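First up is the structure itself, then whatever we jot down about it.
Per-chain residue numbering starts at 1, and chain names A, B, C, D and E are given in the order in which the chains are listed.
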């Protein structure tokens, strides 16, 4: 049975999507006379919440891993999983650091490097992959500080407690006190995508699927782009 | 308006504080006056929520009070109450994290006055309930007030467990600490600063008010 | 009518009490540390004997291994040796706490001479004043038995006489047993219908 | 081994607790006995760290004690002490978040006994310092112990501010709460459960030990 | 040699004290609430007069608007009306707290008859026992002036006499001024070289 009722549609989304998704949801609500509630948290926390039966209709994860976990437990509606949007890894430095910095140079330069914890923060995972690929990961040992989220990387760089940080292009837009020194080559790591899926909770499924489709629409993608996200080629 | 982080935080902390205050006093009073084996152990266990990071507590709450948790499913089936993703979850989180503060303060408070004064009241025919409200409670008041203030402040500042069990749903479970966190997270520093200011002012004025109110209503107890 | 026959092991000697008290004033005296306060506490229910019984009128207050009657049901007025005033209440509130009758209360306040202290807290009055408040407070409850632990020890002669007279007056009115601890021989002789003596826990009647 | 989360947490909480205990007692004693305008306000302000989510406090600490922060740069230039990304930062975080608990408990404790007893000691020629240590401290002890236990437990569980100022550097600043958090976030639930157990046992045994130790050393004070 | 000439506004009347005390025992008596304890507190430094001066030997303890001498430097032994024993210390520790001389201490303990209580806490002893501990504690400090606020009020006759004798003995030995509050006329006459009377704050010498 698939009962669509009038309760608000509940979206759970990775917190790095806070601003962009709020805007998209606003528009969607206006255009479709819908009522949407979004729960923001880290992808891992959301996955746990869903596993424990939180009333979630749509899950937008910051990486494939937690979506896989949900899918393994048969918690998502078949065939509803799509990659919505992508992102790019960047190297940031404090605003007033005007010198040219490339990732490859890091081994010759002093200073700490802030990275999301590779085990738990998606941006950190991709950073680790990239740095390993160019044989820098081991060298960086002792200079890296792991963080629990991207915002923390920004705070360290902003306050100049570290000299370099790796985050997403969309995150760099948050702060006007850091500067993107370099966009990291996309071939150095697995593709950065935000997968989404309808949660199989026997409720609101049609409405959820409709919203998911909207996320892939031209209009929604425009908004994503405005916030620094990128299109994904392969949506499945 | 009533869903603004300000009112939500005030509502949640007030409800949680009342519950913790009453519960803490009752438990402290019962346990502190009894002597039984394992008492120290029980008292220490009651303090454990303080040792765990709030996120971990949130995790535990999610397991127990989630839709699939044993209490959570009972509450849902029997009363239709949903804890997860609702402000009730935030109240629950605040209760759990602040309870140890109240319990510890109350225990110290009840052990800190001359118990012969309670005996005197009993000889005058006062029931145990009357003695509790007219003698024990006022005499323990400085310590209880200390606990009350700690509890309210802690409830107001609760973040980690709340995020886990109540989620961050703007307009529904967006308490001041969550609003601050997500404003910072999204780089809205001005907004964050405003919310921090609001939180500080709310905290400060509540504490001042609590102190003032109880001083006016409870006592001019100079010590003997 | 108070009947008490009990024993209790104290630190250095056993306490053995055997009292049979009609509606009279009995004075209890004895050396410091001989067990006077302990005896009173046992009757009031603040401490418990090891064995024996205590009976007031028809009520059994204590009997062997039975559950003792709760303090608050014993109707025993008690002036504590250290007063035990409620520090967070004014003198007025202290006296009204267990008071039964407003006109008796105001008359008591007059008789022991503390009407000017009504709005003060215990910490704000002198030692003798505290003692009189404790006396008025106990009397105001109109008990079935009065226990007075050196109730006049901190009073000057004139105030003492005044308080003693009030006690005697109320005793005539109420006709209840009164057990009064004092070290003052003159007081013992002038007030006591009977004089009991206790020494190292052994209670005897002076004849 | 000494860098394992267990030992690190124990070290950090112990140092922080000692500092907070002494500081809290001194401040509470000084402020609680004085009467001056704005006293309530100052007392309330001292409680504010409780109202703010630890992450926000961590943010503030980062800006003040960071390499470019005004205290942070002073400490670096003058003493070569680095707060950020070091275990000292974790101590700082624990101090700030647990201070209000100690202060509040200590204030209640010092206002809760007959001050004439201190006077009696003074008439016997005891100096103010002697009176403080031999009379005030033991008489306030139940409340101070309550505060001590709260402080230690809170320091042990500190996560948000620690993460921000000390960073998560495995082997250097990886306290138990941090270890738990990251294990959970990476989905390593077994590891997380083990660390939670370690944290709980550490918390429990420390609290039990504190209670036992002070009961043995401080008092058999039956109340008069 | 104590010289005290001061005034202090109390709640209901002003307290006016003018005492000139050589190395003698002066007894102070007067109605309850007349200002006896307040007088002693002013001399000990626990309360302060509004004006006047207090001088002990060569030391100025209080003078007009000057900063009063701190309590702990006054060398004034004080037996408080409510004893003010240290509740967290054993009787032994209480007495040793300010004691100067171990042999004097043990002799005092003997003289007031509390040697069997050494390891008890104040909450575990009787009223009269507390009073004797307070007395021994004050005497053990070997003060330059002794203030005794009804120090024998809770003692039976024999114990009282014993304690009084010890006081007299030490007075002969030390030759210091002693100010003793009592309501007991007999005690006043047998102990006091001089008898002072206070009424509503006005202190006069009985001649």
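Methods note: a contact is a pair of C-beta atoms (placed from the backbone, for glycine too) under 8 Å apart; a residue touches a chain by one contact, two chains touch by 3 or more.
Chain identities (UniProt): B, D = Molybdenum transport system permease; C, E = ATP-binding cassette domain-containing protein.
Here the structure is a predicted model, which means the values were calculated and not measured.
Q: Counting hops between chains that touch, how far apart are subunit C and subunit D?
A: Each step joins two touching chains, and the minimum needed here is 2.
Q: Could you work out how far subunit C has to rotate to sit on subunit E, using CA atoms and steps of 5 degrees?
A: 180
Q: Taking each chain's centre as the mean of its Cα atoms, which chain lies farthest from subunit B?
A: Measuring from the centre of subunit B, the most distant chain centre belongs to E.
Q: Return the distance between the CA-based centres of subunit B and subunit C, expressed in whole Å.
A: Computed value for the inter-centroid distance: 44 Å.
Q: Provide the C-alpha centroid distance between subunit A and subunit C, rounded to the nearest whole angstrom.
A: Here the centre of subunit C sits 79 Å away from the centre of subunit A.
Q: Could you put a whole-Å number on the gap between the CA centroids of subunit A and subunit B?
A: The answer is 35 Å.
Q: Multi-chain contacts in subunit C: which residues touch at least two other chains?
A: In subunit C, residues 82 touch at least two other chains, as defined above.
Q: Quick one: which residues in subunit A touch 2 or more of the other chains?
A: If we look for residues of subunit A contacting two or more partner chains, we find 45, 48.
Q: At least two other chains touched by the same residue of subunit D: list those residues.
A: As it turns out, subunit D has residues touching two or more other chains at 59, 114, 181, 184, 223-224.
Q: Check the chains against each other and report every pair that touches.
A: Going through each pair of chains, those in contact are A-B, A-D, B-C, B-D, C-E, D-E.
Q: So in the complex, which bits of subunit E are touching subunit D?
A: Subunit E residues touching subunit D: 44-46, 70-78, 80, 82, 84-88, 97-98, 121-124, 137-138, 141.
Q: State the interface residues of subunit A toward subunit B in the complex, per the touch definition above.
A: Residues of subunit A touching subunit B: 10, 12, 15, 18-19, 22, 37-41, 45, 48-49, 52-55, 149, 151, 154, 173-175.
Q: Which stretch or stretches of subunit B touch subunit D in the complex?
A: 40-41, 43-45, 47-48, 50-56, 59, 100-101, 104-105, 107-109, 111-116, 142-143, 145-146, 149-150, 153-154, 156-160, 177, 180-181, 184, 196, 199-200, 202-204, 207-208, 211-212, 223-224
Q: Quick check on the complex: what are the subunit B residues that touch subunit A?
A: It is residues 59, 62-63, 66-69, 72-73, 82, 84-85, 163-164, 167-172, 182, 184-187 of subunit B that touch subunit A.
Q: Where on subunit E does subunit C make contact in their complex?
A: 12, 29-33, 36-37, 81-82, 116, 125-129, 131-132, 149-150, 153-160, 183, 185
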